[in-house]
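Take a look at the following structure, please.
Chain lettering (A, B, C and D) follows the sequence in which the chains are written, and residue indices restart at 1 in each chain.
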Amino acid sequence: MKILLAAFDPFGGEAINPALEAIKQVKSKIEGYVVVKVKIPTVFHRSIKVLTEKIQETEPSIILVVGQAGGRPQISVERVGINLDDARIPDNEGNQPVDEKIIPGGPEAYFSNLPIKAMTNSIRRAGIPAAVSNTAGTFVCNHILYGLLDHIHREKPQARGGFIHVPYIPAQVTDKPGQASMALEDITKALEAALRAAVLNKKDILREEGSLH
Amino acid sequence: MKILLAAFDPFGGEAINPALEAIKQVKSKIEGYVVVKVKIPTVFHRSIKVLTEKIQETEPSIILVVGQAGGRPQISVERVGINLDDARIPDNEGNQPVDEKIIPGGPEAYFSNLPIKAMTNSIRRAGIPAAVSNTAGTFVCNHILYGLLDHIHREKPQARGGFIHVPYIPAQVTDKPGQASMALEDITKALEAALRAAVLNKKDILREEGSLH
Amino acid sequence: MKILLAAFDPFGGEAINPALEAIKQVKSKIEGYVVVKVKIPTVFHRSIKVLTEKIQETEPSIILVVGQAGGRPQISVERVGINLDDARIPDNEGNQPVDEKIIPGGPEAYFSNLPIKAMTNSIRRAGIPAAVSNTAGTFVCNHILYGLLDHIHREKPQARGGFIHVPYIPAQVTDKPGQASMALEDITKALEAALRAAVLNKKDILREEGSLH
Amino acid sequence: MKILLAAFDPFGGEAINPALEAIKQVKSKIEGYVVVKVKIPTVFHRSIKVLTEKIQETEPSIILVVGQAGGRPQISVERVGINLDDARIPDNEGNQPVDEKIIPGGPEAYFSNLPIKAMTNSIRRAGIPAAVSNTAGTFVCNHILYGLLDHIHREKPQARGGFIHVPYIPAQVTDKPGQASMALEDITKALEAALRAAVLNKKDILREEGSLH
């Protein structure tokens, strides 16, 4: 029984990616599952290729990708990936797709099949603020979430996958007045709490976590 | 040639809905199109019924629904509706669906087929802040957007439809410290600018309007 | 009986200053008082000189200065000016004082002797969001407030003076994602409501309008 | 050579006060100075009494008071205390003064005589976001800052004193959507960095840290 835990390398001028630093700290066994970790490039399409090859190689039953959401004050468990790239900045290889389908002919969206509400509440019980998010944006984070769920849907229907957005860490915002941050230790704890809930809840809990808009 | 312009009645304890007040002010002819207006109830499913009956009756080529996004500082042109209700508060008839499909068996999402970027930029050129939004939430606004696009997809493939979220008006926030607002006159101007762009642009413009997360 | 209503010229790269545009629209008579208007330069010290010369010339009983607080979503009625300049950007003549006293030997601060709470509540009753603010910053807005109150204290003890910060107008934020704004008409109405209250309330009302931090 | 480090007990319905938890963790010796710690009540006037008695007893050369600023994302080093109470909520003994002078006949304000910019920059160099703040509000935090500086001014002119506002810790915001927080360990590190700078800088550094408004 394996968990594949993936995170992007730094992008957008940042020296580090808190998502990547955090997955390095996550323990290597959670509720009996071995945690395999992989760094993926902040690059459209190649990120999906690297991730799906690692899935083929390791055969995980749970795949969680983690990315930075600079400015959000809490951990965000993403609900849905949409079939669209609209890049505000170039990725790490200079690609900047605008209004392109991630997978031409693919469905408009996929919902994560991880228990996002159980995960969100497990993070909160660990003393860390968390929320269900209804958009992962239109950059590489949404891209990999959609690509992952498409891969699961077509090739690994037994696997479950999803995406978590994490805040900046404090050292990233000493020169960004007014921006929220979260300690790396807390991000790490949150990921472990989320993974525990993912292992223990084959079905999600029923609990309102919606947004008015 | 007709535009159907719809807005919700007040909800969530508010005495007015700025969306509804604004559509009343929108002029009755835009770029040669007659603008037909309809109030829809802030009620899951019945809102879709009222809207689609009005579509059957008026045969519009453009359908735009408008709703309140309390707290957002700018006009938001919504990109996508997802097949999911998750209500943080009850609707105006006491329904509070949690994690229910809007249309069981329907696709996970529909993208608006209005020219959302042309509309966003038309609003900005009218001097009013606007943004493309990648989530309409999980309450009745997303519900009606999904329901509208499903109806178009299945029954009116020539029609084009979408959703715009508008801020509170100033009078709504005199007792809500720190909340942004927008004058009703500016919301009205924004809707007219958006509808002009919708009429004039059969295809959307290609221009980056993405979100990193 | 006269009111002197002053506003800064544009600064910080903006083409307009909403404070200046708004005072132009304010009516010329309020509750029987003649409203005299003056533009003051966004320049340390010279702004105080221009204002106090105009006070000598017009002998107003009420002096209200208005400035832009870009990003604030509501009208802010300032409570206090402190004896300190600390400029984040240069003023319109290139001066950038850091930790300099405005008036060496002057008191550390002056409280506005206008009825700030009556003014705040009058603005709200006009349907426009308003708050008492406990800091006017450390740029020219605080500078003129302190300089004005010092002048009143030393030379015109019968006069009453204060400062109001106003939001951006919508046209200023079409290229500033996420920033709040307020229509020029509403800013104008707010200033008129504030001046009415200033004329009608020789003493302020007693009403909690504090901040926890 | 002693530092007196003070913090408020919990208030406003919170079970803990992160300021108090953090000072407990601060080490007992910093740059050769012994750190004496004291809890002060969130009560108007009695807080000043408890603090000044402790000053008389311990004869510190540096006094730093720490309080919670729920919602601020960074450490705030306060620049100034004003002679005014305006309580939005009652204190822990039910007092809710509105527009009362803290010390009748006292000066309108006191500036902290600690090196606030050296402290702010020392915190940042420790990897934690920090800012100079120009208002400590109008509740007990401003009250104690003003009271402390008045005491220093009148009775202990050799001593230096100031105030630091700290964010919520993560566990306080799991039920407060959208609120920023900071790990207790980082708040503690920030206080130690600030105290180091206070000991090492008899005079403040000259560096722009101002606010436009």
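Just so it is clear, a residue touches a chain if its C-beta (ideal position, glycine included) is under 8 Å from a C-beta of that chain, and two chains touch if they have at least 3 such contacts.
Bear in mind that the values here come from a model prediction, so they are computed numbers and not experimental data.
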Where chain B and chain C overlap in contact partners, by chain label: none
Chains touching both chain C and chain D, listed by label: none
Relative to chain B, chain with the most remote C-alpha centre: D
Centre distance in Å when chain A and chain D are each reduced to the mean of their C-alpha atoms: 38
Mean-CA-position distance for chain C and chain A (Å): 47
Geometric centre distance via CA averages, chain B-chain A, whole Å: 29
Category of the chain touch graph - line, ring, star, complete, other: ring
Contact footprint of chain A on chain B as seen in their complex: 12, 67-70, 72, 76, 79-80, 82, 84-89, 96, 98-99, 107-111, 117, 132, 134-139, 141, 165, 204, 206-213
Parts of chain C lying in touch with chain B, wherever the complex brings them together: 73-74, 124, 127-131, 170-171, 173-183, 185-186
